[in-house]
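In what follows, chain A forms one complex with chain B and a second complex with chain C.
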Partner chain A sequence: MFPTPIAKTGPLTRRFYMISLPVALILWLLPLIAVLLTSVRSAGDINAGNYWGWPTQWNLVENYTAIFTSSPIGQYLFNSFKITVPTVIASVGLSCLAGFALGTYRFKANLFVFFVFIAGNFVPFQILMVPVRDLTLKLGLYDTVTGLVLFHTAFQTGFCTLFMRNFIKALPFELIEAARVDGASEFVIFRRIVLPLMRPAIAALAVLIFTFVWNDYFWAQVLVQGDSAMPVTGGLKSLNGLYVASWHLVSAGSIVAALPPVAMFFLMQKHFIAGLTLGATKG
Partner chain B sequence: MAAISLKKLNKSFGPLTVVHDIDLEIGDKEFLILVGPSGCGKSTTLRMIAGLEEITSGELWIGDEMVNDVPSKDRDIAMVFQNYALYPHMTVYKNMAFGLHLRRAPKEETDAKVRETAKILDIEHLLNRKPKALSGGQRQRVALGRAMVRDPAVFLLDEPLSNLDAKLRGTMRAEISKLHKRLDATFIYVTHDQVEAMTMADRIVVMRGGHILQVDTPQNLYDRPINMFVAGFIGAPQMNMLEVTVKRSGDGWVGLFDGLELPLPLGEKADRLIPYEGRTVVLGLRPENLHEAMPVGVAPEATATLEAQVELAEPMGAEVHLNILAGGHSMIARVSPRCKARDGDRVSLIADLGSPHLFDKETEQSILY
Partner chain C sequence: MQNSARPRVGFWERHQKRIAPWLFLAPAMIMFLVYVIFPIFQSIDISFYEWDGLSPKTWVGFGNYVELMGDEAFYTSLKNNVIWLVLYMLAVPVGLGIALYLNQSVFGIRLVKSLFFFPFVISQVVVGLVFSWFYDPSYGLLAKLLGVFGLPGIPVLADEHYVTYGIIAAGLWPQIAYCMILFLTGLNNVNPEQVEAGRIDGATGWTMLRHIILPQLRPATFLAIVVTVIGALRSFDMISIMTQGGPFGSSRVLAYYMFEQALSEYGYRMGYGSAIATVLFLIMMVYITIFIVRMFKAERRAR
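Our next item is the complex of A and B:
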């Protein structure tokens, strides 16, 4: 077996592993630890250059309350949800349907359509920056949540469809044929046979897209100007004062902003099930 | 009524034609088996009947309706797949009830039907399990049950037993035969196993390369194969094929083989050999027609004695298969377990040529069919 399980290696290797693992872990997590620590410091600590030392003052409650009172971060968070949740539902939903069609039916343009979906992923979005901004302006969607939702959905569906199509293609096709002979219409096959088996894929994709869209900063900057539609990623900078950088507040805001994707992961975790199709075929 | 007729049925995948001009009449309530080597088009033919493959050209009639463009779900058929294709997220009960549920059958009726079928198949105790908690044989039964509850006019079975172990296959073979009698439906069954074909079928269709070679009852197929392929395919161990030179002898014919004159008693078909006089033909000899002693009830003038060397003796329990070498030909003889011949021994075997199979060497067609 490769790699050899640590438990089976020599004592020297094992000791080295035991020591280097925590070191690597701490190094890896250092930026996050720094942000966590900074988020509970006082402004004085930062001004005094105490970036890595023990905080002189624990401002946990003060800092985390301050971000909500001194800035519209509540509004930003709410905007983020308003952008992310519909995008996840729309792109995962659409890609389930598109993936089912591309994965199940043999038609002439099948591969071509599939390639179009894939090709969309290769377009660097910086190229789209100006045309998309102009488009949203013309459609009256500039600086709106709807504009962001539409754009994100359009952009994420390509990847989602690639993912879903391949997942459905890997399901035993006899299941679909069996259902057809059993008398199921194509929609019933999708709804009753394919969709239940796609649960792990849907969960994985939902987490992924949620994180992508939630963490988006670029399009928030391009398509949004005011506070009304600004998601939390773009809104964090408002925690800095006009003349002073309040890194402790920005850090606290960042932590709050990072929590929903983590929560989403744990929420969806129970749906990541391997071997859902076990028993369908002879096995 | 669920007689099925296939008229000049063709199936092509792009430039590749896998089923050529199949004509076949399947009677109502018949048990018809399609056999042939892999890639012969038997499964494709079945799938066309099921509506899972589009028909490239030709007509498919079920009853008195042409169903070329009728989707599977409206064809009144049920199918059992080689890999069972059970819905893995549903319990056995739901797997079986799915078809009825889709037809909006009343709940009580569905329930009664599922339980009755489960009882017949002896899977009542499994109704609440999911397919992954079942053994191969149990899954097979559930797949059968799912087809049965629908009470279709036609059952299509695509190598349903090929994933089971030998013992279970034997049991299930009998079960399916019983089921056919009980259900009063037309069965079309695909297999590459000639034992299944011989034991279960009313009629067998032998296919090769997308063509039907012969359609007949199992016994007729065995006794009167139309060509060398069918002769070799039906029957295990395979028929022995010897090249003999045809010669007149008195008012009959003999075949010259390894310096021996093998009698060819053809009765009224003797004329058929006239064009072959002096030429080489292939003589088919079933392994059970080679005996270690003169068999009872066989006319001695229709036999010949072959001197052979035993290359390998395979004891099967009820019989012994002798792999022998005679006149440079490898052959197999099925003899009784009393035969004491061992590897390397020389034996004399009596060939019973009472009803010989003769094939044209070039066309491989039977001369006597």
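Our next item is the complex of A and C:
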């Protein structure tokens, strides 16, 4: 293990490490702690300029009730779910199929198709913006949840396919060969043999894509205009304009918007990190 | 094979191994072509027109690109993109530093690691809001800290000279967390025998890091650099939230300037916007190509 395990070092180093750890953590998360505290401050605290001290009053219930009653944040949150959940299901589903094709069959165009998916995954969003907006308008899906879902699904499929293909490639190929010898059709092989083994990959991708799509802001600006389909990221921006100088309410809104991906991360931490660090150990 | 044993089998049975991959690929490929691959070429095409998005397009040839050459705002954006790229790279060594610091097995370290990773999980919109507040010249924490030393508050986001650096600092926060997690995973897979062998040979600290650890962290380092370059060139959310490109357009980057030209109250110049996007795309293409070539070589080796 590198660096030297702290247990094997001198008592002074050890003590220093154990003290510095919480200090570093608090400093690192200071901006977030401040937001968390501010989200329960009273308007009086805000007006008095008490932004960084301890709150004089704890207005937890009041502030969080206020943002739900005086702003459409409930609607924004609901929209975010309506955009994110179908996207996760569709992009993971499509990439299971595509990843299976690229991971198990040898055909001429295989690597080419694979690299098209990878390359597309890295392009700047701006090069897609005008045509995608135009297409969405023509389909009559501008300013709708469906319009966003379709784009996100297509775009995330690139990353998902890269991930799935590498995962399937690492599975024991003999399993598939044996099934073919037994006369199983290609679809049966996919359904009965490969798909059950893909569970960890599916879980990892699901949490990652959930976070990516939930946190999207750019496409919400491009494909949505009003409140009816606006996700919570774009909604926060309008909230910021609505509650000028009411930082306790903006903070409460930020916390609410950040909560679902944070919860997702904590619940599925192992899968999340496995997905994110794909390629960090080999390749 | 089965086919020779049973000569009278249907077309599907005979060819399913050839056709099946394309059936599996079709849905994903169609979506990806329609929403990602075709739009790249459409954008390049639109960049040769003057177009407001509604009325018919007018062909202007390289007109938009010629205009770009003389556009002050374009150069400001390009310069800021370079600053972003260079300073964003700090995320890689800092992320490595934090990963080395946290790569211990003391009580509660798992929770500490996840908490360090937090900034990456939350939306950049939230990060942007938090930092605009942090920088506020009258009541922000930065002003308070400066106040301790008797210095006046700096209006970071309202000052042309500081604004880009201020936004980059905010952007580095989640990016460092991302690099950190990549390095932590890498460190987890470092061969312990080599480390022990190094220790026996008397290698410690820097020598060990340079000659034994870093070579083994190469895949993690490569990935960290790739995601950081892409993150730097994609910077949009923070700028939109924190300054909207201001003051006086001094914090624009290409990604933001493009959006502003094509889709905002400043007008709907889709052609000009697409030309900016094409330039950004070409810059990104350099990195994409390097990445693809490297992956392609790895694939070749794997065969």
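One rule holds for everything that comes next: the second predicted complex is superposed on the first by the 255 of 283 C-alpha atoms of A that agree within 3 Å, B and C clash if a C-alpha of one lies under 4 Å from a C-alpha of the other, contacts with A are read in each partner's own complex, and residues count from 1 in each chain.
Just so it is clear, a contact is a pair of C-beta atoms (placed from the backbone, for glycine too) under 8 Å apart; a residue touches a chain by one contact, two chains touch by 3 or more.
It should be emphasised that the depicted structure is a prediction, and the values quoted were computed from it without experimental measurement.
Engineer: For A:I193, select first, second, both or neither according to whether it touches chain B, chain C, the two together, or no partner.
Structural biologist: After superposition on chain A, A:I193 lies in contact with chain B alone.
Engineer: In the overlay, answer first, second, both or neither for which of chain B and chain C A:S185 touches.
Structural biologist: both
Engineer: Mind working out whether A:L276 is in touch with chain B, chain C, both or neither, as first, second, both or neither?
Structural biologist: After superposition on chain A, A:L276 lies in contact with both partners, chain B and chain C.
Engineer: Please work out whether A:P172 is in contact with chain B alone, chain C alone, both, or neither, and reply first, second, both or neither.
Structural biologist: first
Engineer: Have a look at where A:I89 lands relative to chain B and chain C in the superposition and call it first, second, both or neither.
Structural biologist: Neither partner.
Engineer: Between chain B and chain C, pick out the one touching the greater number of residues of chain A.
Structural biologist: Result: the larger residue contact count on chain A belongs to C.
Engineer: Using the superposition on A, tell me which residues of chain A are in contact with chain B and, in the other complex, with chain C.
Structural biologist: 183, 185, 276-277, 279-283
Engineer: Using the touch definition from the top, list the residues of chain C that touch chain A in their complex.
Structural biologist: 2, 16-18, 20-22, 24-25, 27-29, 31-32, 34-40, 42-44, 46, 53, 100-101, 103-106, 112, 114-119, 121-127, 129-131, 133-134, 138-141, 144, 173, 178, 181-183, 185-190, 192, 195, 208-209, 212-213, 219-220, 223, 230, 233-234, 236-237, 240-241, 254-255, 258-259, 262-263, 270, 273-274, 276-278, 280-281, 284, 287-288, 291-292, 295-296, 298-299
Engineer: So in the complex, the part of chain A that touches chain C is made up of which residues?
Structural biologist: Spelled out, the residues of chain A in touch with chain C are 1-3, 5-7, 17-18, 21, 24-25, 28-32, 34-35, 49, 51-52, 94-95, 97-98, 100-102, 104-105, 107, 110-111, 113, 115-120, 122-135, 150-151, 153-155, 157-158, 161, 183, 185-187, 190, 211, 214-215, 217-218, 221-222, 233-234, 236-237, 240, 247, 250, 254, 257-258, 261-262, 265-266, 269, 273, 276-277, 279-283.
Engineer: Would you pull the chain B residues touching chain A in the complex into a rising list?
Structural biologist: Its residues touching chain A are 50-52, 71-73, 77-79, 81-89, 98-99, 102-103, 130-134, 136, 139, 146, 150, 156, 163.
Engineer: Spell out the residues on chain A that touch chain B in their complex, using ranges where they run on.
Structural biologist: Result: residues 172, 174-175, 177-185, 188, 192-193, 196-197, 275-283 of chain A touch chain B.
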